[in-house]
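First the structure, then my questions, so here it is.
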């Protein structure tokens, strides 16, 4: 019984981490309809940012997260302005390969700049790496990351639901021209969305690095998971992303206990099965999967 | 030819079509009118197989077709146009029409011949090689009709094909529909352009809130007080409205 | 041959395998630089034509390119078994000698290839060695015997892990050891905590692991977080003798055992020549690569390249497949003649180096110390059974 | 209020408008009519900044707004209700309306505007939670117009508002247009439904092949036989009276 | 004969292309003697053939599969296992692999055809990944090495050749077959149907097209030839393993080639392969020794730039350039936002 709960708890923690790692992808996916194949690389850059901050200044990524958020917000805007702006009117395949090109470039740029070494940091003093609560062992860093996830999800939800800018983001996601006619500065919205999406991804990377490691291709470890989370949860649904992340975390936890070599297959098969019965994902809006993009 | 028997369609709690029965005989032109949101398009969707009815049956040439897929009904000879035109964005007008023509004519020459003929009939002859994306709304509607006609149906369901056309164009379209009927085509016709409906329909059915409230000769139906209240509105407004097509 | 001896170098320098690939390249580079400074090989300066082969997908094409476009007469690769398999295939067909420095999968050399030589021991010897080491050296320390010890095997599921795992499995089974669990997983995994939980249930005494660096780090950290207590843990080279692994774990790296290769051995166990090279290797490495200390993989890369440049090519006298092959087969250097403690003698049948053997290390004071075999050991096995987490700083 | 001078615009390589000139005074209702493909929609798109003019000038309240972004124009009170409705299909009716008050000029008036709009089209209040994409064609049209009003325009440009509306709705929409005019909003109507449009218009322009072919008061144009026949595709007047 | 031709819309200018294709697939293998160029040629032919096969589904029918590695790997594994363990000739193995791939295609079609666009892409991607993992997992139960080597024993029946030029001819034949089929499809009603489905599923169905059937046809043809390419490549490389023949990188390469050349066109994927394959080699050659990964930085950036500048691929780019030149004037009009996807 203890075991069942322990797996539950670590699955939930992991799920929160996955959800956080996927949220930025879903924001950009949902609004600009762009599948960002470079998502993993932004996560990777976030990890390096967290690592660099800690090793250069001694500030741990948790305290440094506002700084990283701002830096990556700007990076996200630059990503839109310098690259994706030119593909907004293109076919999805063009977008896929634009982001894929960026992914290749960033991954290898990191290799050139930071070398292929595995970088790790320890945010907790020796002996504090794990918390023991009621006989459960919890990774301190994962617990912190989980609370970051909750806070960021709450913030994003509030922003999207309750602010005019948030609603404008949704409007743009549904009909660009109509949004313009409503007086929405669509360029600004795209900038904000990319800033937000990448900003969150940067913070996600930074709070992940204490419990993982940074190296140039670490993004590829996470990007498929992020895709699965987003689609499982539903396109453009923030709550869905959280639920998608948690389900994946729990699957990993339980399947991983019995057969770790099958857990990735389980993700993918689950994804296909879910899409077969509920193509829009768990919380996606019906019909979204049919959105013919062009 | 087409027998709709107590068809009901619900969307969640909303009854979009409420126990509607309607028969269209071979060679007839039947108008289906009703206020916005009455359920006309929904009924079309049920007939043409976009989705199955919640209850009721639809027969075409004696054969049950409810729940059939749209392409199956089309192959049986029952074709429909969309109220909001769906064009094939990467094709020219001619190619789009050929897509319809291929249904029964797989050979290039035959399909092309038919599509030229149909294009000319709907007045898109000169636009044959134009990309569909360059068409105006009205032209898109005509393309909708052309593509449908090219499948050589026995019966077509037209959804507001006159909307957005001016007087002259409406008349051309009416001529077209008449010609088609003369060639043996049966037509079900959803339209808000009353003058057009009055001019061409052999019979008119009226839907309101999903239910059929009248069915009969055009003149009779127009006098029906229920119809007047639900659809035509006060005479003052109607006057203006009727001038839409120019000459009622 | 022109004014330079051109050698093809085929390594994963980008992509997920890049870290150790670059380690090996540093070893190659250093061996070449030192040789060139000493006057080169066969009177010429040596020169690399390096191709980056992130995975075996690119291996065939790039090997073909090295041979048919760059016209190299010799290829040095590749460290990862998958890459080696594909690339050596091409070399064999094109009759170019391929020296494999660090890929361990047994079958690489069981294909009867005439132009493929391997410096390192095969996986069965690595995994088997780790198992044997466990039986011989670890069990006495933890007060267990083959009959009553519980061992769990965990390995990543590509060529490397599975081959090593099989090797270990075989030896353990023969010794009648109770293997309580044997599991493989993808090294791209982002979570191994369920495995840790499973071990908490099964309570194995010894873990034998074969992992790459990221998953190795992840596993041991998660073991710490969950408070998994085992009496001993033995790695197999991909993670457990790598500096990044130690950095990631701090004091808790101490006590971890590893089967593999090491450049932190006792140079007194080496021949005089080798001992001199050993010192030079360490000094020059630190000097040329920004104070970085060499890793085991750099050492193996260095050793292979050094042997080729210092012994095989001079022996061949020319850069032709036949000559290189003959020289390689003729080479006979005793154990202790290289910086990693090995000798060189290629088996005429398999063309494996018969004088390579795993050495066994333990992390002590956050440094890796060779603890066996005795000839090259610089330290003794300490602190087994492992003290509890947080108490390992003093090992 | 709005003045257009020698406006050229088109799509990619294809030029559609060849030098349009027109004037709209404050409080006027101006109709723009013309046959299919004449360029009416293109003109509205160019005026609202959806496409960029290639030549010419647009002035709004004396200020040169040529080439200005749509959102800035909306901010200045130039609002267009597009052809084909373009609702946000996966937003509720209420959300669709609320988002129309995005501009800072409209936001303070949202509650009041919503009330008016619901009064005008009661069905929208009934359906305020239905998703835009599932409304019937006519219902969608109502939402589209309502959105235009919620934006509190100075100049409201309507592209084929009566398209697909039942007669009873058309009369209601035109009543609404009159009501809107009476509140002082300047209106530009693009219509196929010529007689309807001309009957409310103070003045009208006839567009043909991307140019202004004729202009005059609504009544003048409606009464001119030749105009009716050649430019407007209307039948002779008598027939209409029947 | 002429009635048969009437099913196809054959244009005179196509003859020139046909000649070019023949010259390339037969002429080059027979004239090139440099092994390196021959190797590139073999790969170009094989990839061009598979990219064309992908293009039937992805380009013509608009179903952007990112899971074609499932078929590629199935082809490679089936023929190799049959050959290594049962001695079955790879020629038969090719057919067996093709058949098995078609079975997989039917399985994935059930869920995937319910989706469009990105979702379809993701579902197929997931399928490709899942197959690889299951294959690796299956080694728990069957005794099979992680990678499979084929012994180099030349022989026609074994589909292993002494000369690289023989491989080039074989690969060229493969390319010709796929191209002829793609051409035949695109110029007959089938092509029109696939394009119709791509443009608007609703309108296609309303035109009497049984959409699933035609998507399925495109998928089956596409799967079969991708699988055949897998067999051919395995026989050429003589070594396969799960992570190479079932890799996302492969799934991504095929559409990339289609896109670079021109999506949905017959010549596009061929042009794409001709550009993409050598490009990487050239960059590696130029920058490979400067710093690890540098050539890939450049490759990535070039990819972005090419794709953005030529969204319609090389063919589309040339066409629009020609159009501009004919017009003799450039236009400054901005793209029409109303044409944006999703609207």
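All chains are identified by letter, namely A, B, C, D and E, in their written order; residue positions are counted from 1 within each chain.
Assume a residue touches a chain if its C-beta (ideal position, glycine included) is under 8 Å from a C-beta of that chain, and two chains touch if they have at least 3 such contacts.
Every value quoted in this text rests on a predicted model; they were computed, and no experiment measured them.
Here the chain-to-chain distance from chain A to chain E, counted in touching steps, is 1. Note: the chain lying farthest from chain B is C, by mean C-alpha position. The chain with its Cα centroid farthest from the Cα centroid of chain E is D. Chain geometry summary: the mean Cα position of chain B and that of chain D are 27 Å apart. Annotation: 75 Å between the Cα-based centres of chain B and chain C. Chain A and chain C, compared by their mean Cα positions, are separated by 36 Å.
The centroid of the Cα atoms in chain D and the matching centroid in chain E are 49 Å apart. Touching two or more other chains at once are residues 107-108, 111, 116, 174-175, 177-178, 180, 216, 261, 264, 294 of chain A.
Residue positions of chain B with contacts to 2 or more other chains are 89. Multi-chain contact residues of chain D (touching two or more other chains): 11, 50, 86.
On chain C, the positions that touch chain A within their shared complex are 13-16, 18-19, 21-22, 157, 183-186, 188-195, 197-198, 200-201, 213-214, 217-218, 221-222, 224-227, 242, 244-245, 247-248, 250-252, 389-390, 393.
Residues 3, 6-7, 10, 14, 107-108, 111, 115-120, 122, 126-127, 129-130, 132, 137-140, 142, 211-213, 215-218, 220-222, 225, 252-257, 259-261, 263-264 of chain A are the ones touching chain C in the complex.
Residues of chain C that touch chain E in their complex: 13-14, 18, 21-22, 25, 48-52, 55-57, 60-62, 64-65, 67-69, 82, 85-86, 89, 92-94, 105, 107, 111, 157-159, 162-163, 186.
On chain A, the positions that touch chain D within their shared complex are 164, 167-168, 170-171, 174-175, 177-187, 285, 287-288.
Contact residues of chain B toward chain D in the complex are 11, 33-39, 41, 83-84, 134, 136-139, 160, 163-169, 192, 194, 230-234, 236-238, 240-244, 246-248.
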